[in-house]
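Shared between the two complexes below is subunit A, which pairs with subunit B and subunit C, respectively.
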Partner chain A sequence: MYGWAGQRLRVDLTTGEITKEPLSYEYRRKWIGGRGFNSDVIYNEVPADMDPFDPRTRVCFGMGPVSGTAAPSTGRVTVTCKSPLTGGFGDSNMGGHWGAEVKYAGYDQIIVQGRAKHPVYIWIDDDKVEIRDARHLWGKFAREADPMIKQELGDEDIHIMMIGPAGENMVRFACTFNDVWRAAGRTGHGAVIGSKNLKAIATRGSGTVKIADPKKMMEVCNRLRQAFKTDPMKIGLNTIGSLCLINVANRDGWFPWNNFQFGSHPLASNMSGEVHAETVLKHREGCYACPIACGRFTEIRDGKYAGENFGGPEYEHAVPTGPRCGIIEDANDIWHNARLTNDYGLDAIECGGVISSAMEWFQRGLITTKDTGGLELTWGNAEVVDTLINQIGQRKGFGNILAEGADRAADKLGLPKEAHYYTITTRGMTLPGDDPRGLGFGYGLSFAMGTRGGCDHLRSLCCLELSGALYPGLNTKLLGDESANKPVTTNGKPYMVYYEENQKATTDCLQVCCFTTHWSYAVLTPDQVEYLNAVTGLDFTEEEFQEIGERIVNLERAYWNRLMSGVREDTVPERFLKEPMPPNGVDYQTNIGATLPLNEMLPKYYQYRDWDSKTGFPSERKLKQLGLDYVAKDLAPLRSKYLSDAEKKKVKYYY
Partner chain B sequence: MSDQKKLIYNNEICTGCRSCVVGCSLYHDGECGKVVSRVAIVRNEQHGESFVVGCDACTDAPCANVCPTGACAMDHAAGIAKIDTNKCIGCKECAMACPFGAINMHYKTGKAFKCDLCEGREEGPVCADWCVSGAISYQTPTIAFKAKRREKLNERLKAAKVGEEG
Partner chain C sequence: MAIMTKVQAKKLIEQPDKMLDVLNYLEDKKIINADEHRATMLKGFSKLVEVLQEKKVINAKDAKAAMQGGFASLLETISA
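Let's look at the complex of A and B:
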């Protein structure tokens, strides 16, 4: 078989049973891989009303047909489960080299279910799979446990997926790592893996991925890799990492200062990629087969944190526990906090989100030092942020409440409804560090519609509006509207989000990095179809490529619909709709006074999707057209229920 | 020393992305994987360090010197030792003799295989062509050495300039 390994691995930690299931041609053609396989398994095997920590839930790790090949950046893995943070559909995507290694070991997907009696790890040595004792690894940071496992197995070249102490402690936004530092950050699957008593999956793959048409593959990959050499987005990412966005964010007013109360700060450049590269950058790092290599390795060289080192940070990793909590003067505080979230294995975005929400509650007098165990949650108090990250990771003190996520914490503290205004969440998950009033209205729409909750810049990655100006003519080519290349306009955005969501869903099935396609634009959809066909020997078309993405988006959407989440929940935090962007002492900020005109864009978006505008549920016609008849059947009785008065009255912050 | 181009490795700047590995395996074997690559990346994730291991095209090549059948022999025109698979008996002597570990045994044939500078590829070896960081480059050694020598001087000039600006 070309491309795919052709089988998936299922490990039941309760019974110790290990099975390998073949994947049929029809199945592979329908879902392609990675995110598609995972979403299908979660939809079919995890009932919508099941507790996310129930031993019967599944955690899926998905690889794709081009994983491990020479196509640009093929080491990605999608991790999917029912999210303990939102209660809904949750997945996240990580780079590194582990995905390729699993593919070389001969699996397209790993499903873990059940719960082990004590901490264990899984050792996949090609076709030999065993469950091993991990009691001695429990409580260890990934950076400590990774070399221990390698030594134990006698091979330092293996690659390991792992959770940190936060996952073991079932912090609802714990994440998953591979290669120590490459995180699948969002939706809290680290806690689900921890609840299964699983510490790690160590993998050695000594096989290869077979290519149907090597000559063609060489030709396509060579062309794309030459194109990357001069791609402007690639050059920025490679030279100064994703922190290259800091100065842009500050100029365009999407820098999330003090929990999005402002969109810029005069000192933002303290943490810019340019400064990072000059002061603390130790190495540049690349995920598997990546022509960009945006990864960083950081070493703090002066001040009280001198000597601390860690992989990262990325923009979204550094910003939440930095400027979102009001820290900017000493960048070392920001790098230090990023190091902490990494070590504990916390989703940095959610962690910064929950701390900055608490800071705003403190600012507004909704909580006092009586609630916080004496901590003064003032903006920019780096020591308090440090303490809170430690408390969250260990589930101690006030951090134990915050470890539940911002919306749950508000309820646990008995705070009034007003507190939820400051949690900056959609469907129970906080937004990344990008203010849609400046980043772009397409992103804003995407935040409202993301099928994994209040993310999600990666679901659509509408960079045509952000970087479109760098590629003149591209918006016309893809969307038929060049004016869509400005962030603060609604022109062309509903279609842009629709198109990009589908494109990104299939990209996540191939398990190649979003940064290689429609972020930098060296790889466009036709190129992806070309290498997919060269690898698999099949005859995918661009239309089919987009349709597969659409199928996945609709399936994930239906999972939310089964939880009575639809059009009423399709929104962004009210702050972005109501508060005009205030100035903050930066005279070059471009979006003063902007709010997000979400309601202008939603109706058109539903139209493109062919979703019922009253419920926000995919229409029966659309589901059948996409080969999802069984989903249409599931949703049929739920449509009227969603419109019932009882459902309308329910206030839902999360599920 | 001739002006024959060689692969030059600079491990200081390797990102460990293994673009070289996938390129090498695809070009030579028509499949992708670390086990069929002639170039290898050794990584230490904990410390974020990566290291390229490829053929250094030794002039007095230990791999050729130890080969008992003459399968591994210097190709002076190409400037690198090459392995004739037909003559190779798969004894692993060359792999053990290589000071860098740049020789491997093929999982299909059981015979040794190594870098051949992508013989016949117009753009030169694929590893250097696809390298993101410049950690692998394909150039005339004498020119690389000259640049290396100048590096220190340039650093000193840069430092002096910074000093002037104060």
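Let's look at the complex of A and C:
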């Protein structure tokens, strides 16, 4: 067998049973790997109504057939579970080197189930797998526990996936890291891992990935690496990281100031990639086999946080606990908060989302210092944000309520329905730091439709409207309409989202970085199919490849449908639909007055998907076309239920 | 080859999102079949240009123009 290791590892922490399960040709051909394998396991093994913290739930770690090869950026891993934040389908994706190491150890996927009696970690040393005591590691930051495990195992070159204290404390938006700094941020799987008493998975792999056609593979990889040398997005990302977006976001009005009340700020460039590179950048880092190397390592050099250092930040890492909470004057406050969310192992987007929601509740008198334990939640109060991140990570004080996520926190506080207007969530998860009134209407549509909740800058990742203008002719080639590269237009957007969602799903099956295929378009779908075939020796076609993506999108959608989540929930926070973008002192801002015309795009999107416009459920015809007959059977009795008066009356902020 | 009127082409060009309407029209008129409709949906506009050229609905020069001008160019070419 080429490409795949051909087996998955299953570890039951309740029984201690460790099994290796073969993955058949048909299975690999149907799902490719990574996200595809994981989504299939979650759909089939985790009932939609199961508590995400039930020991029987699964956490899956998926690698792909090209993981660990020389194709560009093949170190990604998808982590999937039933989300404790949304209650629905949840996954997230991380870079680093751990994914390649797991492949070298001989596994395409790891499934963890059950709950250990006390904190443990899993040690994978090729085919030898054991569960080891981790009580001495519990409570440690990843930066502390990672070297301890390496010392204990006597090998500094191993790679480790790990949760931080937030995961141990079951903060509903805790995340996972590998190589200390590379995070799979979203949907709260860190809390599920913590609920299983699992601290880490340390891995040493001494094997290799067998390549069917090494000559062809090197030819394709060399060609693609040459393309990266002059690629405009690669150059920007390498030079100043994803913070290169700050000045663009401020110009185009999607900079999330004060919880998206505004889309720009005159001081935004204080935290730009250019300023970061000049003031606090210690060095650049790349994940496995990456020609981009967008990773940053930051060291604060002056002020009260002088000496603090950490891996990052990304745009989405820095913005939520910075400008979204009204912090911009001193960028060191922003870098410090990013360091804190890293150390606790928190999804920085959700953390900033819940804090900024609380700040807006405070602004509007929905909560007072009586609710917050005396904290004045005023915009830009950096000390309070620091306190709240610590409280959330430790589940203490007011932070213990916020650790539930914004919508649950509103309900726990007994706030009126109005409070949910300010949580800026869809299906229980907050949006990233990207206002769709400026970032783009395609993104707005994909926020409404994301199959892991209201993310979802990484689900459709319709960068054809963000960086598409840097690749003249690309929008025409794919969509037949070059004007789709303009963000604030509906031109071509429903088809763009349909196409990009499918494409992103298969990219996540290969487990290559989407920065090679979306932000940058140095690698296009035919290139991916070419290296997939060179590695596996198979004959995937571009159509088959894209259809697998469509299959995955439909399967994940069906998981939500089983929870009675469909067309009524396909929306974005009302602020983006109702409030015209106001000015905020940036005279070059381009989107003043814009709102998101979501309802102009949704009907066409359902048509592309062949989803019933009354329910938003995939049609039986579509599911059968995709080889998902069993899903069609599952959904059959639920279609009329979704349309019942009882269901229509239910208000669902999370599941 | 003209397969629609200028009025029909103009109507399609004015749609903000054209792909599905154009494909449905072409399938209804039996210019493309269901498999070609599906393949284009999955692969994008360039596949449609390729299919129409193979079927000699457009020639190489038209195909090149379509790859530069998108649907506006293609619909102009196939209408009369």
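Just so we're on the same page, the second predicted complex is superposed on the first by the 655 of 655 C-alpha atoms of A that agree within 3 Å, B and C clash if a C-alpha of one lies under 4 Å from a C-alpha of the other, contacts with A are read in each partner's own complex, and residues count from 1 in each chain.
Here is the rule we go by: a contact is a pair of C-beta atoms (placed from the backbone, for glycine too) under 8 Å apart; a residue touches a chain by one contact, two chains touch by 3 or more.
None of these values were measured; they are calculated from a predicted model.
Should the superposition on subunit A be reported as showing a clash between subunit B and subunit C, or a fit?
After superposition on subunit A, which the two structures share, subunit B sits beside subunit C with no clash.
Now for A:Ser644: first (subunit B), second (subunit C), both, or neither, which partner does it touch?
Touch partners of A:Ser644: none, neither subunit B nor subunit C.
Would you sort A:Thr368 into first (subunit B), second (subunit C), both or neither based on which partner it touches?
Neither partner.
Decide which partner touches more residues of subunit A, taking subunit B and subunit C as the two options.
More residues of subunit A are touched by B.
Of the two partner chains, subunit B (first) and subunit C (second), which one does A:Ser24 touch, if any: first, second, both, or neither?
A:Ser24: touches no partner chain.
Which holds for A:Asn44: it touches subunit B only (first), subunit C only (second), both, or neither?
So A:Asn44 meets neither subunit B nor subunit C here.
After lining up the shared chain so the two structures overlap, which partner does A:Thr239 touch, if you call subunit B first and subunit C second: first, second, both or neither?
neither
Quick check for you: in the superposed arrangement, does A:Met217 touch first (subunit B), second (subunit C), both or neither?
In the superposition, A:Met217 contacts subunit B only.
Quick check on the superposed model: minimum Cα to Cα separation from subunit B to subunit C, whole Å please.
Closest C-alpha pair between subunit B and subunit C: 30 Å.
Write out the stretch or stretches of subunit C touching subunit A in their complex.
16-20, 22, 38-39, 41-46, 48, 67-72, 74
In their complex, what parts of subunit A are in touch with subunit B?
Residue list for subunit A touching subunit B: 68-70, 74, 97, 100, 104, 143, 146-147, 156-157, 179-181, 205-211, 214-215, 217-218, 221-222, 225, 238, 282-293, 295, 297, 309, 311.
Okay, in this complex, where on subunit A does subunit C touch?
On the subunit A side, the touching residues are 473, 475-482, 489-495, 498-499, 502, 525, 542-543, 546-547, 550, 600-601, 604, 607-608.
Quick one: which bits of subunit B touch subunit A in the complex? Just the residue numbers, please.
13, 15-19, 21-23, 25-27, 29-36, 42-50, 107, 123, 126, 129-130, 132-133
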